[in-house]
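The data blocks that follow each hold one structure.
In what comes next, chain A is part of two complexes: it sits with chain B in the first one and with chain C in the second one.
So, the complex of A and B:
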């Protein structure tokens, strides 16, 4: 989609040959790949080409039961291991991830549709870092601030989304194993492959059978896992609607639950902000991972006096973004993860236009096959508009304005969500004042969409319960 | 006692107290005009307590939300001073609470006195926590990059508390003090059978420099008042201490509608010094990132 004024780039595709995708995969239960009890399978496709990548076994309730039983059997020995031994397994896993990082990055790009530069430079380094970080906690839990010898919960049922398949797996599995729990994890139906490759990493690391079980499947598989009476801990990342359903499912049980749900992050740009950096931050905030990020800065709140200047810069910058083959190392914007997600984005954008907001996209040619959506800006947006309230989970930015810091805070907080926010200003006291008033779990000041295993992540209000990452992330897997 | 004083006592008709709710710093009767009979453990009539309605519950949420900004924005030192002030005020009215707790729970005077002492001490304990909890559960995060990254706890918002049914005063204090210590505001539903110590606590709170609306005390049928509060979109968390298993499940399901933070009922020995679980249950963790710049080999980038 390079505009006439931008440089032309020759294609620079990353080689697919580093990854060997089998025509079919089973469920990973008790250390073995196995077919689903009822023999069901589903296909996973590459969102950028619609090419079928592999056929994957689809877990049903019976498979969930088998996997939970395997995890329960494994729990006794795994939780009794000295922390220092569990740590070594996690360090091994971290190292193998580093060794196989290129392979996994290409795989993830193929199955998810996100650009290789993101899987290579963001996802995979963070995945390895999470295992390293939590490996180090395994033998130091007495010092984590939850009392002496905090106990694991048991079997963790974990359900993860498709936007960061392997990273979300790492966020869930690393702290669970470090604290002595065993896991049954359901990857998303559109992105099951990297979790199945992770099963192979567990095998290479010599992880005891049953400690990690992987069950690809759809929502009903996840529901069966959450409902299973022998699951002690439920961890879910995904939509707020499903999060609420899970909160109802676990009501009246002893299951501990953490939910990482939706967001409608406000990115607030004050008139004294360094405009170029702010524009980069706004772009990172909403176009990183095609906007398919729960903490995306999907609402730009710009101080009225610099609105024109900022929007001009932003539009100029968007015109230089390169959309296309995710395996091309020059690609900034890849494919939308699925046809279903594309139609959700399309429908919300149509509502935005119907409600009177003004739509803009740079000149942009979309590939003829695959699921694509051009980076999109909406101006003339009011707080009542659907596109200012609902999570779109796509490359769509709604621009609103404000005059005073109080108004910025009021608008930023006017949301059912409370996951993330951004503040752009040169004035330190303003950063601290505004940050303290925002009702959001992660606030980026003069930066955006930064992640780190040592840093807790999670939301206020309807963005969910609990925190992942850091010392705080341990609590979700300990009996405290 | 001499016959003479006996005679005087017979002539002296005692003054009954009209027990009222404590909402938004005021003492309203129930909007519904309803009351219910409260008896002591032997069935002797003690007073008519307000039988709160759904409207009273909603009014209490409005008051609690209104008070949240000021209370959560107060300094931790200030909140600690006020919690300690509650202990001071209670100390001075100990006899009244000993009598009310003895009547409510059928305890001897000495046992009731021990319970009231423990409740006063609990306010002191939590008073000391207000300016320490952030240091214990917050902290700096050593992220792999040039960023200053800090996690701090913040109150979750408006909290509904179903006070324990049996421990009408010590239990009550044990569930509301941690909620407000961290800057939340609270709507508490008093023990259904024994609401009088809770209603009297309202009078103490009103004279303890606690801003109106920070604590709101309702009496009546727990299940009836709790239902609209568990479903209320402007309540952020609910402590189900005073619910039985059936009610707790029902309320937890209702609470899922806006993803309230839920504390499930659990066996608690309120005479023991509590841990920090009830403080952290109503805290959010806010993490702020800021670039620090980096001094590279060739010079400065900040």
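So, the complex of A and C:
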């Protein structure tokens, strides 16, 4: 008879050899890799080890101008192509992404710190799906409900965050190209590599020069791009503070803007919920990608009558999460993206403790190098606590309680944000009743963090405006 | 008759209290349950963990023959295999049990004598369970008298689906009593016939309330047998039952688990759902016949670095 010892999983690391990272990368302008005009470069590191992965050219204002001009030139031909021709390129890109998905998944895990399980099973399939989906729309724009022959806007300046580097790129670039726009995209300074690999995919797909331009850099690069007078459309995903700055920048211009900003999603668990699945949903809601998700369910609203039962189950479940090497296929929780983000999380968590909330984490050993934060749960949280109001963007869950459905709705809506929410109940009528009262762009019922290219995504209030994905996502890139 | 653990109150006092209790259990969301089972199926079990898992899985097999054409010779061969699963490697653990029809119990008992391998018998009018209670109890008495260490009983699915929970409860308690102190009782729900996950959770609790030592997915005789999702659900049930009553109950998925890869996925479910306390053949079993040979071939592969092939393991 075997003894009842723990079943220790041996390490199962994904091979790094499937990806070839060059020691340095340039900017991608007009179909060519080129150095920055002022020769500036910056380093990108692997958050799990602090190893320098590569040195990347940093775009300045002059480079932004070059890229926008290239995109403007390319726009004339690209927008004149029949939709079915643009679709061919997009389908080709989608297929290449599928073919290179293992390589891209490993790359993304190295550069971002998220587990290979997530890049492999969530990010990459969705990236390909977005290109396939919008490829399908390219020749059907006349039938999208925006009138006959809706026209593209021109050059789209796009700025994306570091939490889903390649997926956010896909959300931005696929609809822009399908509708006939050309693109200048700035990836986040901590995660530029997958966008540069995407540049290579554009070349592999034979995409005409200048249709996609990639400019790695910091906030000033993004600001220069947003400011550029020849940019017709600005699309931004990132923090609410930067979103507000962008809104001020473009105010009074004729640029179209979509902003997808922060969130403080409420995950509402009623006493008749499928408890085991609700626990899974709460875990997915806040610990997926270390909680670095704008639509994370970072506020758990649990009905008072089942609070103890649910918290016990949740704590037991958190104790089974495996934190460590993100390249290990058995890792559930990877590294925090940067030292800066780690200190932001740490400071907010300290505020939570100082304000009297009760902090809990499972026994969990953190690796000695890299940026790590243990999954954390706060109980005794009230609406007045900072951790119940501010976006933490880390693996930190605040637990609040409610007694009636009305109270749940009132608390869920009592936030400056409105991006996502979750409802857990076995009662179908309650799902509909509560969902219709919640002010959030995405509401999941008995599930959480499910994404699909056909489904529009975006926020209310300080979570931004405009929608990405689905037919709605086309509108942001069309003159309608 | 066993009484309900005090923690739960007297939920088996009447038909209506029992119904209210079973229908008050948390619901099961199909999509969420299956997604969780699938995600645990992606755990990558390699090298030392795999070697551990293979030996553990071998030790959990209820090596089974349940054919109308079973002969004493076949049962003796099965017993010999249970004792020495791999004749070329005596470090291979024995299986947990051999599982046979009641008339073969004595033969099986003789074949595994002294080895520690248990003899399980499917009594209670297996596999349909459609006989009078007297007949089922006589079946159990026969098997126990012949020396069975474990009784695998099927529930009356017709009664369960008709909502006659008390009838099912009474049958289980009667069989449990017939098992006496010498035989452990495994209660088979035939999950494929219960058709909803809510029913499987209710059946699990009903079985445990009635004194089951094990709850078991299926007979292996219908189209849908053990699946990762229904086993995960039953593991949640035994975990919650122990938390509320202090009583630990075993789980046995049966039917359709044929490969080492599948078996390891089930062990991952056990490890991460009920916990390490169930990673032992006293608390978890595989009802399988062809699984063992695949486990043995994988074990040889790990030991030698090469695949041997089906001729390097015994056919029965």
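One rule holds for everything that comes next: the second predicted complex is superposed on the first by the 473 of 480 C-alpha atoms of A that agree within 3 Å, B and C clash if a C-alpha of one lies under 4 Å from a C-alpha of the other, contacts with A are read in each partner's own complex, and residues count from 1 in each chain.
One rule holds in what follows: contacts are C-beta pairs under 8 Å (C-beta built on N, C-alpha and C of every residue); 3 or more make two chains touch, one makes a residue touch a chain.
Just so it is clear, the structure is predicted and the values come from calculations on it, not from any experiment.
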- Message: One more residue to check, A:10. First (chain B), second (chain C), both or neither?
- Response: second
- Query: After superposition on the shared chain, which partner residues are touched by A:248: those of chain B (first), chain C (second), both, or neither?
  - Reply: first
- Would you sort A:431 into first (chain B), second (chain C), both or neither based on which partner it touches? first
- Message: If we overlay the two complexes on their shared chain A, which of chain B and chain C does A:329 touch? Say first, second, both or neither.
- Response: second
- Message: Touch test for A:281: chain B only (first), chain C only (second), both, or neither?
- Response: second
- Task: Considering only touches as defined above, state whether A:77 meets chain B (first), chain C (second), both or neither.
- Result: neither
- Task: Look at A:129 in the shared chain and tell me whether it touches chain B only, chain C only, both, or neither; answer first, second, both or neither.
- Result: first
- Message: Contacts for A:460 in the overlay, against chain B (first) and chain C (second): which applies, first, second, both or neither?
- Response: first
- According to the contact criterion defined above, which of chain B and chain C contacts more residues of chain A? B
- For chain A, which residues belong to both interfaces, chain B and chain C? 446-447
- Inside the complex, what are the residues of chain B that reach chain A? 136-137, 139, 141-145, 147, 149, 151, 156, 236, 245, 248-249, 252-253, 255-259, 261, 264, 275, 277, 284-291
- Note on the structure: Per the touch rule, the chain A residues reaching chain B in their complex are 129, 145, 147, 240, 243-245, 247-248, 251-252, 254, 259, 261, 416, 418, 431, 435, 440-447, 450, 452, 454-458, 460-462, 464-465, 467, 470-472, 480
- Which part of chain A faces chain C closely enough to touch in the complex? 1-12, 117, 121, 272-277, 280-281, 312, 320, 329-330, 426, 446-447
- Note on the structure: Listed in rising order, the residues of chain C that touch chain A in the complex are 26-29, 31-33, 35-36, 42-50, 52-53, 55-56, 59-60, 93, 116, 236, 243, 267-268, 271-272, 276-283
